[in-house]
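Written below as structure tokens is the structure these notes are about.
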Amino acid sequence: MPEEFEPKIVAFLCKWCSSAGSDLAGVSRMEYPPNVIPIQVMCSGSVSPLYIFSALNKGADGVLVSGCHPGDCHYIKGNMYARRRLALVKKLLEYIGLEPERFQVSWVSAAEGTKYTQIIKDLVKELKPLGPQTKLRRNP
Amino acid sequence: MVNIDNLKEEVKKLIVDGKVKYIIGYEKGRNGLMSNPIFIRKPEDVEKLVWDHSCVYNLAKFLVDEKRRKAREKQPDTKPVGVIVKGCDSRAIVVLLQEKFITRNDVYIIGLSCEKTGVVDERKLTKKLKQKIPEKIEAGEKDTFIITAADGKIEIPAEEILATRCLECKANFPVIYDVLFGEKTNRNVENPYKTLENIESLPQEGKWKFWEEQLSRCIRCYACRSACPMCYCDECVVDTINFAVTADTTAEEKAAKIKWLEKSPLSSENFVYHLVRAIHLAGRCVDCGECERVCPVHIPLRLLNKKLEKEAKELFGYEVGMDPSLPSLISCFKDEDPQDFIR
Amino acid sequence: MEKILTKKAFPQWIKKLESYKLYTPRKDEDIWNFEVTKDSENIELDYQNSVVSPKKIIFPQSEILLEFSSSGNNNLEIKEILPDNEAVVIFGLRPCDGRSLALIDKVFSGDFQDPYYWKRRNQTTLIGLSCLQPPSPNCFCLSVDGSPHSVEGLDILLTDLGDKFYVESLTEKGDKLLGKAKELFQEPKPEDKKAVKKIHLESEEKIKRRIKDIKSIPSKLKEMFDSPFWDEESLSCIRCGICTYLCPTCHCFDINDEVTSSSPLKGKRVRTWDTCQFPDFTMHSSGHNPRPDKASRLRQRMFHKFKYFVELYQNFQCIGCGRCISYCPVRIDIINVLDKVKDHGS
Amino acid sequence: MKRTGVFICHCGINIAGTVDIKKVAAELSCHPGVVHSEEYVYMCSDPGQNLIVQAIKEKKLDHIVVACCSPTLHETTFRNTAKSSGLNSFRCEIANIREQCSWVHKDMNKATEKAIKITKSAVEKVRRNESLEPLSVPVTRKALVIGGGIAGIQSALDLANSGFEVILVERSPSIGGHMIQLSETFPTLDCSQCILTPKMVEVSKYPKIKLMTYSEVQEVSGYVGNFKVKILKKPTYVKADKCNLCDECTKVCPILVPNEFDLGLTGRRAIYIPFPQAIPASYTLDIKACPGLLPIACGKCFDVCKPRAIDYDMKPQVIEEEVGAIIVATGYDLYDKENMAEYGYGKYADVLDGLQFERLCSASGPTKGKILRPSDHKEPKEVVFIQCSGSRDPEQHYPYCSKICCMYTAKHAMLYKHHVHDGQAYIFYIDIRSGGKGYEEFVQRAVEEDGVLYLRGKVSKIFEEKGKIKVWGVDTLTGKDIEIDADMVVLAMATRPSKGSEELAKKLKIALDKDGFLAEAHPKLRPVESITSGMFLAGAAQAPKDIPEAVAQASGAAAKAVSILSQERLYHAPTVAKVNLNLCTGCGMCVQVCPYEALSLKDGKVEVNDVLCEGCGTCSATCLRAAIQVKNLTPHQVHEMIKACLGG
């Protein structure tokens, strides 16, 4: 029997909320699939669209950007700029026919270990049936 | 109705009075119908000026060259450059002002209103005319064009050969100018995003198939960004060169140049290039259609930028190129910006 | 070898070429392009000319030269990647495009025989199709030692005589192709020979654009290196790569390593087209750029085609297809520029 | 060639339990640029750190990665280790393979694969880090305390006693806060005013303390050690230095409005002194109540004032101050009347809240310490106290426990019995929470000595009938329905953050928790700090608390502030934005998005104020040409990390 497809996910987590939240998931020993590799950034506002395109280009099957809830940004409003920028990226990627599941955004606070766990579980569940992302991927 | 003689008069006056460094306008094409850019310094050249429906170029692009040239000059001439603009071109100038690339004193804006019509799409025209070689084009009665070819005149309904962007233009007349010719009249546009529907209505895989076909043709001649007045960066982020190097650039800085994409025109790399370009033009593209016009392999690039123009309007109520004093689309936000896409 | 092939027999001949990878002109999105044919049954003969020249088949925009990989601790394995063995036929080249390959041949020969280029070149047979009508209003092949029916670089030249083709096989490769279906080809009658001469002459007259007295250009250019003329001429240039990428004779390339994995190290060395019209073409790592502006780049393009190349190979590096004129976003017209060069100073 | 060393920690079995450490070490050892790869059971232990020190010396490492727990825990530890062996501390990065990997996965192979990727991406990052030294800035050795309640007062005094200048800002005309309204305090029943007024006086007399009452903080900019504050001083229209408290003005003032100090149980004039012991001891002219500052409008007070203390032309003043630290002690308010309509609060005169009852008991109160019904001034014989009015009720009111009610209600019942010996006090409660020194004993005393009747249950209905207030409830212990004909009902209203604390938090850029209280930086380890460095929290503004707790936190906050003010210079993270002037076109988009006004345009290029920059990187994502980047998290580094994550 062939091995099940395991999507590769890159997650850009802001240091103060989402990264802390995912740490909390760890501290609380919640289990979630190991498909996601976190990259800690200072703020979701620092995630350039280039990072997302590049991750997909370099073979990510899915990309997650996660930051603080509106109003909770450690940098006051970085996530608000992110929200606007990422909305455009999402629309653009869907417009060129990339599966919407492949790029997702979430707000995860430092207290929401459970939410983070759930998001990763869902993400993996949604990406598995799609198979490998080849559209923007540079053939190796 | 724009009177060409008044235009010439104004231009001549500006040059004779030494009000401007030179004037960027349109002249009769060397071959074929379509006009060319002309840079007028001497009064006697003013006679070459033309204004008709073949004046497709967005001459604002040449303000970028001018700035570069100025930067190289020892004692630059600080007089403004005169530039002839249509509605869309004027919006480009607004964005350049918005982004402080130029100041209002750098440019003397001679605005020409398209007055309910616009410029022709050369491709549509050649298709329509088959083998005939057009010599002259004029606006006819009730929204038509009258083409004069070797063997007489033909009248064609405007929407058949008008550039699609003109059919979807939000302002037929300049939004900023020092002197304006023609009336501020708008063509009535029922749906400014009509062409998008063809793609938006496709299922996801259909969208992909469409864009894959289109973008795999790209030969990366970069004419799209070269023709774009908004692509004024000295060095495009997707270039792996280190163009902005000086004597004091450290080896680290040189090494830190990122290879966001490879030089090979693979579909994946083409996509990254065009995605980056599209997102970088979000809230900046004025829909002058130059990228699409110049593309030698006919990629409908306008459809990428137009999509984000639409989203900017619908999601954030942002309209491009209307007011130089406003912040850019992505350098501001509203508390009520939509976030239904966020988990 | 000269033959006659009836239009009826033509498809059968093409069918006989199944063993070859056959490129033919195809139209999509209103643009002509040479592509591997999907149905050899009905090949379009009434095309004008492709936007991207068929040089892309012999000299691809991007090709892998070698692959490298390391199994850790510093031992690097390198594998040369030559083009696959495959017999290729390009059908329907315009004679000018045929000539372009004859010109590029000179560049890739000499002291170093470029193995990648020559492998493709040698395994490809070129079937030209002489122009009855100028494919482009900007054709000027006659001015640059070419003609609508020139045979240089081709293996076979077909001339359309209405119900039949006049077939000239010019090389062994050509003969081999005809040999695939001897029975289909007849000996040309004298009137056929007359007809083809007539048609060829007529087609020449149809070429409207010329560069007069082109021979004087190289020497003229010589005096013009530092002339402000180039600033003037390049004012409207937007520094894109269309003129050079579409040019059938331009052959500059760049070589990059595309690293696909950094640990363990894996990747390929790739050759891609490059163009003197891009600012980074002459960019030094110091930051100095000997050709800092569009003026110097336009000048380079003219000098290379009409001076340097002539000095090296006694030919103009231009075959008069007019692509650079037709597709230039701002209609910089090479003929026009050269005319001005001639009159320069006088 | 960079020489990177990798150190993988087992963390006992915390990591080694699910990650094949040996494999990780082996994989990393062949990663380009890695010249040393080593594992150890506890890297953070002394022997562990010594391994690192040795390796750096012997292998001449110029960068190190420690794969272990979250950087929030041991980043500093290992950066110091690196520093101690001569590396710049930024040449050390942490790969979090515990919280992000071993603790959340079970499958050994997959967890190991992931750990390898995480560590590789850390290697790719660290080798591109630049050496940085912390930025240092001088400190303004002066503090601002916002709020003049007991917490604010305590902080101010502690700071002053530590030798620092303090500005104490209070928005009402006098300091004292809610504590000055109380009669006695639990569990000792000593007189609230008697213990507070000495401190208030001390504040007013202390030369190091600049007291600004009737003032509000308008704007705060700057950063820890160097805040700039704008304080709005509202006009009192009375010159405090001239006023001799003769009280003539109030006698002539025709206007009568409810008296905030007595919570509306009495009235006051438009010109008034909040209470006899007010600090500063001076009158205030309530402009909202006053018919107008013109002799023609009224002008009676002006005419009668002999010392000519009244000045109608007094204007609002904005005073600018520079301080190094800020303590926020804005206190609490009681839950609003209208929210408790179900208990007839605001409807029936004899349904009171805790603070009103305090006033009734207070010797300085409206009834001079006699407990009388507001409606008819009769002595109430049966009083019902209802706890948790608005607290612990997530459906309709606040989910949290207001904490002080159990104790003050016991106190109220007790005080009532002391005033009305033949009266009966009933207390409806959910639980009795009497944690605290002498608290439980206090409650017992109320039950045993004063015969207070505790009924465990909620009140269902309160309504007036024949001059009595009928209270229907149920005793959940006996299951019996209870009906009491009460003369007075006292509601232990929930405490909420004081009005206006939300706007203030915005000005100060500090966060609020879900209930609107000021959020502390860490619930356990940093309870008196806000997330904005240099700003501290004291008293009920952070969470409901009683006086001793508020005072303790106030002193804690003061101590924290001192730890900043006592520095010559402060150090600021050097991972700030830097500009590539060759690429910058001066479009100014980054300037627009910077949350800290750290960026500005100077002749066509962007300039970074390193001290203001917090390194969030919003600018870098906004810049279309990557001309502005945050040091040590540049797009180039992220690009390489992405590649490493994807095994590229």
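All chains are identified by letter, namely A, B, C and D, in their written order; residue positions are counted from 1 within each chain.
As a convention for this text, a residue touches a chain if its C-beta (ideal position, glycine included) is under 8 Å from a C-beta of that chain, and two chains touch if they have at least 3 such contacts.
Note that the coordinates shown come from a computational prediction; the quantities given were computed from them, not determined experimentally.
With centres computed from CA atoms alone, A is the chain lying nearest the middle of all the protein shown. Taking the mean of C-alpha positions as each chain's centre, the chain lying farthest from the centre of subunit D is C.
Of the two chain pairs examined here, A-D and B-D, the one linked by more C-beta pairs in contact is A-D. The distance from the centre of subunit B to the centre of subunit C, with each centre set as the mean of the Cα atoms, comes to 31 Å. For the pair subunit B and subunit D, the distance between C-alpha centroids works out to 54 Å.
Remark: subunit A and subunit B have CA centroids separated by 35 Å (rounded to whole angstrom).
For subunit D, the set of residues touching two or more other chains reads 593, 622, 626, 635, 639, 643, 647-648.
Touching of two or more other chains is recorded for residues 237, 245-246, 249, 260, 262, 266, 330-331 of subunit B. In subunit C, the residues touching two or more other chains are 260-261.
Looking at the complex, you find that subunit C touches subunit B at residues 29-31, 51-52, 61-62, 137-138, 235-236, 238-242, 245-246, 254, 256, 258, 270, 272, 275, 278-280, 283, 285-287, 289, 292-294, 325, 327, 329-331, 333, 336. Of all the residues in subunit D, the ones that touch subunit C in their complex are 30-32, 120, 124, 640, 643-644, 647-648.
Residues of subunit A that touch subunit B in their complex: 49-50, 53-54, 57, 70, 77, 80-81, 83-100, 104-107, 119, 122, 135-139. Against subunit B, in their complex, subunit D makes its touches with residues 128, 130, 580, 582-583, 585-590, 592-593, 601, 604, 622, 624-626, 634-636, 639.
In the complex of the two chains, the subunit A residues touching subunit D come out as 6, 8, 10, 20, 22-23, 25-27, 29-34, 37-43, 45-51, 54-55, 58-60, 72, 74-78, 81-82, 85, 117, 140.
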